[in-house]
Amino acid sequence: MIRLAGIEKRFGPVLANRGATLEVSAGEIHALVGENGAGKSTLMRILSGMFQPNAGRMEVAGKDVTGWSTAEAIKAGVGMVHQHFMLVPTLTVTENITLGAELTKGGGRLDRARGRAEMQALIERTGLHVPPEHRVADLTVGEAQRVEILKTLYRGAKVLILDEPTAVLSPAEVNELWRVLRKLRDEGGTIVLITHKLDEVMAISETITVMRQGETVGRLKTASTSPAEIAKMMVGREVVLAQRTADTRPKAQDPRPQAVAALEVKDLTVPSARKKNAVDGISFSVAPGEILGIAGVEGNGQTELIEAIAGLRDVASGSITMADTDISRLSVRKRGDLGLSHIPEDRHERGLILEYSVAANLILGQQHRFTKRGALDVTRIAEHARRLIAAFDIRPADASLPARALSGGNQQKIVIAREMGGARDFKILLASQPTRGVDVGAIEFIHAQLRAARDAGKGVLLVSADLNEVLALSDRIAVMYGGRVVAIVPGASATAEALGSFMTGAAA
Amino acid sequence: MMIFGFLAQTLRIAMPYLFASSGGVISERAGMIALTLEGYMLIAAFTAALGSHYAGPWVGLLTGVAGGVAAALLYGVCCIRYRANQVVVGIAINLFAIGITRFFLRLIFDSSSNSPRIAGFTETGTGFAALALNPLVWLGLLSLPAVGWILFRTPFGLRLRAVGEHPGAALSVGVPVQRVRWIAVAISGAFAGLGGAYLALDQHQFTDGMTAGRGFIAIAATIFGRWHPRLVAIACVLFAGAETLQIQLQGAQLVPSQFVEMIPYVLTIVALAGVVGRAVPPAALGKSEV
Amino acid sequence: MRAKLEEALLPPIVALLIALIVGDVLILSFGQSPAAVFRLLLEGTWGNAYGFGQVLYKATMLTFTGLAVGLALRAGLFNIGAESQLAAGGFAAALVGLVLPAGLPALLVLPAYVLAAAVGGGAVGIVPGVLKARFGAHEVITTIMLNFIVLALLNYLIAERFSVHDTLHTAEIKSGALPRLADVFPAFHGSAANTVLFLGVLVVAALWWFLFRTRAGFELRAVGLQPRAAEYGGVRVGRVWWTSMALAGAVAGIGGLNYVLGYKRYYEEGFGAGAGFLGIAVALVGRNHPVGIVIAAVLFATLSQGGLAVNALVPKQMVDVLQAVVIISMATAVPEVRRALLAIRPAASAKATA
């Protein structure tokens, strides 16, 4: 039914898909799995016509459709339900579904009566219940998703692609969705489900395609495989794990049990725009001289957790304590002054001001400490920059360059130098995706910095979507899934396979 | 009898507001900021005077609309094609309108203040009889209802509203977002053009700067009316009524005229600050990207 | 560095070229020769002392309003209210002038005037800032609305209470008037240029220092560039918004002294003559930098005065048109130039985003 072969897609310097393949038979529910950045969404957006591939071949129902547009795809009956809904909140369900394909009566007027009738018929036929005259803004997330599905069915979709559909659903809504998908399959539809959640894959799919780093690494029959096997394929055996030597091996015993925790989080709940909480009653602590790594696929609450601890996001309930001081209600600046350092996950949005010079970025968040009677102490700032550039080998070694001009790795070094280096006396370091978009040499350097901080008695809370990084650095590993911590294991004995199961919700 | 005079004058004053705010609603509902209404109206008033001077009021009406549309197309080129900042270009077009109308006033009519007298649709009287004979009055009364009809009863209106709230969603179902924006801007220019034509033909001449901020009152009405044609119409009549009241009570000196002048603007700020329910603009207003 | 300079200078050059072309078209349509008109323009502005004095006067006014707009833009805010902030500041100063006893030395009372003007303008400027910080009300609309409100209020105060009979201005201030340039250099006789010009230079220097040398300026610019990163850096974004609007209003208000202290020595309705709106053009062409703003102010002042000088050949309204054309061209050129430069040099941008 659907055949993709040798698909290559490039975005600037990034190769999102390389030689990816996919084979889906008609009338089956097919799961497309892989970690973040594996290239699943990109591949499906190519199939749905949103992107055009740089190379490769696409066939649907025997016809060559390589590089087609969304309009052509929709006409041929291929529809995609995106992860982030493409719905107009102020319009009704009926209006959203019929947008672009409206029913009219004489004089060019909208035929609302006929529209209502058709919606009713569609709803009855598919069993996807939504209140057709309600505004989309008033719907629950589950209902909104059903509207997205109805949008494709209204246009006669026979092939339905769903991108991470359960990311925002409650368990009850997930079961509803399965019921709907099975019904559609029974009526002759073909379904491709993009997901990283293995429990779902086992529950609903018949065939599985596994992707890793832009290419397809395996095709399995659900009935004859297991979550462990799938996880292994997703994470990859031959990927080089950072070397663990005797020096870097995490300590097996509890570090200084009588010391006050560097960071303690108790029953923390952080709301999200949706009904589900982003962080749902989490408790853990980070001891001084320890790296606690949080493993998990992105989107399970890690971002919100870190932002809440840093003071960039409000908490609904719970407490955050740093070395015996309750910081739950303190400002970002106060937390920094009391010893909290934060390497943010998005250096371009949060961590750096790209137009500012390297020197200026090296004092971001600390500018009040480099002030003398309201004026910036230019000499001290320059000296500070000189020292940090040398200590962290930031290149080019020109403090006056705008941060924009440096490579990703060097930009990250600026952030790390600022948060960890010089006279910065921190108690706890929040390191979120610290080596994302950074070249191999810089990765080694950054890892060494984190270990040095740990050895110097600081607490480090590491969040990374890169399982290998978490495994290489952490003394203890917590796994986050669905806004909760589902496991805490010692780093020394953890394996990728075991963690993979927790990360994907397969293990209870 | 006093009440009829009051109503007639209110209607007369409200006409430009009704026209211009029709343009405001259509434009902003599609996501394009309508600060330019003042400029559209002024240019249209001039081109309408020009047309009527050479070929009578009906031609003046057409040239007025053409002037408004031309100004709107300039706005479209800068902000849709080149995605320039809509606020800055909007203000610049208003300044441009002042300058260009004055320039051509000198060039064509050799005056710094006004054109020669032109024929309008009514020669004498300001009462209801005169109003009823003026086709522009009928058009004006129909303008906001027409906008309401377009927005809520036609497929184009549905797509326009989608473009103004969530262009990505519109694009995902194949709605040509840029084209919709162009059409919306052109229609707003046409409506504002009618407003300018009304002004010039009603006063039987073009005067330098004759719009005198009416375009901004129209924006105030648009915002205060929450971009809903029915509410906007009420706002226009409300503002016009306050003005009429102030004029008629001038002798009595109850409230200084300047404070009556302020009413539309104060109400708009109140609406934006959400003291009586927040006025929330279309979500994609002012964003030129998709 | 070179790229930054290109990105900064190309758009104004493009805008001016377009304005030049449009100007030629307008001049030709009036049956005149562009060369003759431009020569007359230069003669009437920089070619004689009176004209130059007028240029200096207008440039001073435009510098203040340009700074008021540019400062707010540095914080990411559109200040369309410079016109009313300017008027309010001038009015406040005029009130002080009515209250002070006669005969006091100018230098002694100058601080009082500056303070009054700053408070007057700042009071008008702070309102939209607070509305944005507290309610999320977009400052474009609130500044425009407030323009009308404040100007109407001032009109009322003048017409009903403070004006000299049969005029639209207040009584002359009794002390503290600053000398005109003509008093020191007789060649400037008749022009409005006055010593508030030097106050303007001071304000330019002070704002430059504020923006680029103080912590508050550091945080203000951060908010304008990347509010999320500023927030991460411990900056209270809402507070920066209303304080920068108050400061911008204050700067515009001080500009009112150019007329009230240095020129006519009273407040007159409409004394700003559109400087508030032109300030937007000045800020844009000057790329929101104090030095650039001064240069742009001189440019626009030259155009303005030049229009008067060539009025015999071409209507002075041509200048109004050209000024609008410059704004439109700038607004269109800035993003276009940025896109073009990114397309030509993707390697540099890819490096940055890697």
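Think of it as A, B and C in the order they're written, each chain with its own count starting at 1.
Here is the rule we go by: contacts are C-beta pairs under 8 Å (C-beta built on N, C-alpha and C of every residue); 3 or more make two chains touch, one makes a residue touch a chain.
What you see is a predicted model; the values in this text were computed from it and never measured.
Trainee: Once you count every C-beta pair in contact for both, which comes out on top, B-C or A-C?
Mentor: Higher C-beta contact count between the two pairs: B-C.
Trainee: Which chain lies the greatest distance away from subunit C when centres are computed from Cα atoms alone?
Mentor: A
Trainee: Which integer distance in Å separates the CA centroid of subunit A from that of subunit C?
Mentor: About 47 Å separates the centre of subunit A from that of subunit C.
Trainee: At what distance in angstrom does the C-alpha mean of subunit C lie from that of subunit B?
Mentor: Roughly 29 Å separates the two chain centres.
Trainee: So in the complex, the part of subunit B that touches subunit C is made up of which residues?
Mentor: For subunit B paired with subunit C, touching residues are 33, 35, 74, 78, 82-85, 87-89, 91-93, 95-96, 98-100, 102-103, 105-107, 112, 213, 216, 219-220, 223, 256, 258-259, 261-262, 265-266, 268-269, 272-274, 278, 281.
Trainee: For a test of understanding, state which residues of subunit B touch subunit A in their complex under the given definition.
Mentor: 152-155, 158-159, 161-162, 165-166, 168-170, 172-175, 283
Trainee: Given the complex with subunit B, which residues does subunit C contribute to the contact?
Mentor: 26, 29-30, 78, 80, 131, 134-135, 137-138, 140-142, 144-146, 148-149, 152-153, 155-156, 159-160, 277, 280-281, 284, 315, 317-325, 327-328, 330-332, 334-336
Trainee: For a test of understanding, state which residues of subunit A touch subunit C in their complex under the given definition.
Mentor: My answer: residues 12-13, 310, 312, 331-333, 336, 342, 344, 348-356, 360, 364-365, 367-368, 370-371, 374-376, 378, 402, 404-408, 437.
Trainee: Along subunit A, where are the residues that touch subunit B in the complex?
Mentor: Touching subunit B from subunit A are residues 70-71, 74, 82, 86-91, 95-96, 98-102, 104, 108-110, 151.
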